[in-house]
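In what comes next, chain A is part of two complexes: it sits with chain B in the first one and with chain C in the second one.
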Partner chain A sequence: MTDTTRPDDVSAEGVIEAPRSQFRDVWDQFRTHKGAMVGLFVLVSLIAFVLIGPFLWSAEALKVDPDPAKMMLGRNKPPSWDHPLGTDSVSLDILARMMLGGKVSLAVGLVAMLVAVFLGTFIGVLAGYFRRLDGPLMRLTDMFLSMPLLPLLLVLTFLYGPWVKGMLGVVMGSFVLIVVGIGLTSWMTVARIVRGQVLALKEREFVLAARSIGTPARRIILRHILPNVLSPVMVAATLGIANAIITESVLSFLGQGFPPDFPTWGSMLNKAKDNLTYPMQMIWPGLAISLTVLSVNYIGDGLRDALDPRIRGR
Partner chain B sequence: MRDAAAPAADPAGPLVQVEDLKMYFPIYTGILRSHTGDVKAVDGVSFSILPGETLGLVGESGCGKSTVGRAVLRLYEVTDGRVVIDGEDVAQLSAEKLRRKRPTMQMVFQDPQASLNPRMTLARIISEPLDEHTNWDRARKTERVFELMDQVGLNRRFANRYPHEFSGGQRQRIGIARALALNPKFIVCDEPIAALDVSIQAQVVNLLEDLQERLGLTYLFISHDLSMVRHLADKVAVMYLGRIAELSPSKDLYARPLHPYAEALLSAVNEPDPELAARRNRIILKGDVPSPANPPKGCNFCTRCPRVFDLCRQVKPELSEVEPGRFVACHLYGSTAAAGSTGAPEATERNQQGVTP
Partner chain C sequence: MARLAVEVPTVANGGISEDLTQITWKLQPGLVWSDGTPVTSADAKFTYEYCTHPEGGCAQAARYEGIASIETPDAETVVITFVAPKPNPYQAFVGGTSPILQAAQFANCLGAAASSCNEQNFKPIGTGPFVVKDFKVNDVVELEANPNYRDPAKPAFATMTVKGGGDAVAAARAVMETGEFDYAWNTQINPEMQAQMSAAGKGVLLNGFGTLVERIEMNMTDPSPALAEGERSTTKHPHPILSDIKVRKALSMAIDRQALVDIGYGSAGRASCNLVPAPEMFASPNTDCIAQDMDGAKALLEEAGWTDSDGDGVRDKDGVKLKMVYQTSTNPVRQDFQVIIKAWWNELGVEVELKNIDASVFFGGDAGSPDTFQKFYSDVEMYANNFDGTDPEPYLAQYLCDKIPGPDNQWQGENINRFCDPAYDALVAELAKTSDMAERGKIAIRLNEMLTKDSYVVVPLVDRGRLSAASNTLGGVVLNTWDTELWNAQDWFRVK
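Take a look at the complex of A and B:
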């Protein structure tokens, strides 16, 4: 032993640090990742924009002016002091609509991603770890993968939409419906990735070592398996957010998502697409969606690096 | 020593007694996945280990050494047989009883890199057994972790480091510390030195010996390194194709192996003296090890044995005591042994791979 000094060589007991918490290590490493910090800043700004913004900017975002002449005169205005981002085709303030729509879009993206990742990881881990469940769960995954998802979503919202909306109100009902719908139809890739990783991991000796210690299966999964499948899940999750935001806009466009007059970034983008004379109307929501996806991607990248002790500190 | 292992209840009885252990892995073939056969990885192995003793388990790759080690700790569900450790049959225990039994028996793994979770710090790895089996508070666990690190010669400053920051030998020390955490009586060392450099091997083996002396541990030492086993083990079992060929005290076995396979295996040990090496007789076995899914009808070694005769191809020899303390499974030493078959075809070879059949 050349580099492990005997314990009695340790000069002072105070030199030895007590075992540190992992959160600190992870945060310290995360802070060194520039892209991730910028991403975190952008995402926090976007969230602040949609949450705090409406208190500072109170232009009309939902109700079309009942006076047709006034409405016609205020349509498609370029940016001005009254309307910093201009007005849309029914003379509503785009900045206010961006705030209102962003709240929904961000919430849909994050929650639908969480639902999908949670479901996918759960099914993937069960299928990978418990041999008996592997067949049935993977056939279920194949079944979902082989189904045309958009028609399925449309049928889902068509059948259960009125019922859910009746229970929770129009906006909240649509939200739950869309989030659950998107979550239920996009967990499959995560499940497949996780299953593959778990199959490889559970043959590793450290899992065998945990079994020889007497660790029960659920704690082996939580302590040894899940932390080691984190990286691919993280990547899938960041991509999932973008996907969810876009799918939501498609659903709204097809009339099965939020009510047509209710803004989301996706639906604003869709509406502006038909009104190409005024490209500004399309740029704002597009920019917001891109920024969200990009920042989440960078955060995921930084988080993945920070969670891997082999990359940490390099 | 605070954690010196208490002597077994009955000092005369063995701590570990394995009787007729069988571990078959089923083979499923065809579209219907019908059960068409078994890989007989371990086929009727019996041995016992006294408290404080080391049993070496040697044999070539794929002979079932590691499977024995894992089956003894019930990391596999054994097909048949009894594994009595400290008075309880481990092979039959219910899940919860087995869990509570785990602290008495631990394992040190072959690949120190693979046996440590890359995302856990050294302190968390060593304290995992404590998390599972004690309800100590954090300070007490930390204290115990430091104590264990001292015992295996790891600096206390390493507690917050991750496995990839250590060398192979240090990683193996972590693995040993984890195995020691709960004061086990019995440790299965599954080729603990196979993945290490020669200089590090000696350190780890010395550490194991040292710990045995201090804590009164009992080892099942699985290895294909014959000279290390000679150094460490009191008794040695030579395995071939899932069965024990010879089980003898280490000294006797290395001085005069009885089973033809043990003889051939031991003739492969390197001789440091070039003069002696030039003169020694290497026994080169011809052919390959038969598939454990389809072992020969008679003695498992009959396809390659230099002294094979008719009976060997018909009847499986049982392990029986042919000399005091020496057990051999070979018809040569049975009552029906053919006399005068002592002239083994031996070849004088310096090159290990010189002759092919």
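Take a look at the complex of A and C:
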């Protein structure tokens, strides 16, 4: 890296400290950002909640009691020891559904974001670095940007839905479809941001220096350019997670997402909003989505500061 | 009950001709419009001409179907002649949606001019208890008492305000909780809210039952995606599982309809086994399906050869798993029903995959979409349907063999189940020829049972009523699901 020696590595007396890894530097800077630390804590707790929670709490989340009398008695119950978050309109435990639904929502958000960021960065770097590819790739980006996202997603699931679901099963098939669909339709902002950054970076002296010693394009991109565009990508990625979670709930609502009895935070929220007699049923998934989106945004904020060498140490 | 006529014409009193091709209405003498001019038979004839004008596009044109001519021998007599015998001639000029227009007012609105006659359309001159004073589209209608109303003692109110817009919950709340309004119709709210609002004590919820029935339709043809497009869900391939009546019956027996009513509709619904739940003379007394019989359903499946041979909780037969795709439109009550019915069917040993489709697509009827209820690319589907007016003949005629939707008719048939029984077709033809009301009732009941308890092709679940809210201070309200709910507004009064 071009920035391995910095004035603050050397103390005022000129005594050289033990060498520090870059990761350590980033972490130290990240820790000073209070919001980011809180965000990280909340996100880790949420992930632990959906991953470890089901081992500790094994109430029924999917199968309705076939005995109508029992089922009728347990509907829409307020929180109790048996059901800490209460039960929903068909007597299922909301806590267990929150865990199951969160697993799906978080997975959709993270994986769709990864797909979008990978695609966006790839196209953005290619367009920014290689002048010949710039025109066609950016027109492609414009084309995707001008396309209405939701109809496109609906067409995608309509055309490939039965085939993918046939191959992978209903739930896994829906997951792959949604994740790929959302990823394919939300990479454009990342690509534009990255292209702009790369255009500026590739005229900088350190890139010129690297080129002048004969570094091949692939190495320049991977070693010198990518680390420097990381911060805007991080921010775009965090916003992407939030978007993906919400898009998933829209798709579920339109009947193109997961099957209606399969919980996700988005679909739980959607179902509960029509029945405000029991506001708690709406508050829990809403709270979870808001917390996820907020915490991820704060983490992104903290990461941007921590990854930017110009800010670090100030 | 005749409002403007002297009496209801029947074959017995000579008002309807023996061959059922003519009906004669006698207007009450001395009837006047709200502007004071007399109502004559010429107004009725004009209304017919107005609504059947080829350039007009009248929303109630169906009311005048089959009419050959309307004659007016004198100012108080209207003679309607039909092109063919009409067992149910009470269509034109009957009910709130088929009023008589004043010829003098609408004279310049014939044909294409109809749509530009705003003044006439918003402030029609009529014979009812109230006249329109002000009409604001999508907002409010101000009415005041008709000074020339035929009963001078009525109506009891000097003015009436009809407020539009808003949703069912807000409308119910305005009557039941805040008391701003005296009456609200179509206040379809869930049972919990019904209880909550009734507890406020300012009003009562009225419910009346019409013909709207929430049902599960069984697909008699194979919807398998493995079949070529254009062959899926067509009569070329009978359904591999649901063709067996025992399976259909078992699926119906596993359902507890009362539980569904309690969850979804409360007092605005009741468990039903009939496709035609009303009017009484056409409704079958059948209540076989009301009690849930899980053990009986299991035994029936065993008997039909469906056993769980590999111990995975799902029954199978000859290597075919008992698996259903169950679709409906997106709606919170329907999704609850889906989840609950799935639980019952799982208990039975049937694997169920749920699917919900946006209502505008599901009921959209677009031949290019695979998700319409007509295409029926699933094993069972759930929705509600009803019929217009009081005669179920056209409704029952939907299940004729030649009304099966398919690629050759752009999937536009009404026989959603692809049910086809020559005996049924013959009975429908007989119904069309029968004019005796008692006999018509018997045939309609028989047809209804052929679809439900004899074959379980249609599995009715809930007879959905109409729910309206009336303030405790409003008297004289009688809910009538066959006509406009303001049908007896002249009798309404303020309770002191």
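Structure notes:
Here is the rule we use: the second predicted complex is superposed on the first by the 294 of 314 C-alpha atoms of A that agree within 3 Å, B and C clash if a C-alpha of one lies under 4 Å from a C-alpha of the other, contacts with A are read in each partner's own complex, and residues count from 1 in each chain.
Here is the rule we use: a contact is a pair of C-beta atoms (placed from the backbone, for glycine too) under 8 Å apart; a residue touches a chain by one contact, two chains touch by 3 or more.
Predicted, not measured: the structure shown is a model, and the values here were computed from it.
Shared-chain residue A:Phe158: touches chain C; no touch with chain B. Of the two partner chains placed by the overlay, only chain C lies in contact with A:Lys63; chain B stays clear of it.
Looking at the shared chain after the overlay, A:Asp261 reaches chain C, while chain B stays out of its contact range.
When both complexes are overlaid on chain A, the residue A:Leu208 reaches chain B alone and has no touch with chain C. Of the two partners chain B and chain C, more chain A residues are in touch with B.
Using the contact criterion defined above for the overlaid structures, shared-chain residue A:Gly166 touches chain C, although it does not reach chain B.
Contacts of A:Pro148 after superposition on the shared chain: neither chain B nor chain C is touched.
Within the complex, the chain A residues that touch chain C are 63-66, 68, 71-72, 75-76, 89-90, 158, 162, 166, 170, 253-255, 259-261, 271, 274-275, 277-278. Against chain A, in their complex, chain B makes its touches with residues 70, 73, 75, 98-100, 102-103, 106-107, 109-111, 114-121, 123-124, 128-129, 132-133, 142, 145-146, 149-150, 153-160, 162, 164, 167, 169-170, 175, 178, 203.
Residues 190, 192-193, 196, 225, 256, 258-259, 262-263, 292, 294, 330, 332, 335-336, 338-340, 342-344, 346-347, 353-358, 361, 370-371 of chain C are the ones touching chain A in the complex.
On the side of chain A, the complex with chain B involves touching residues 1, 3-7, 10, 15-20, 22, 204-206, 208-216, 219, 223-224, 227-228, 307-310.
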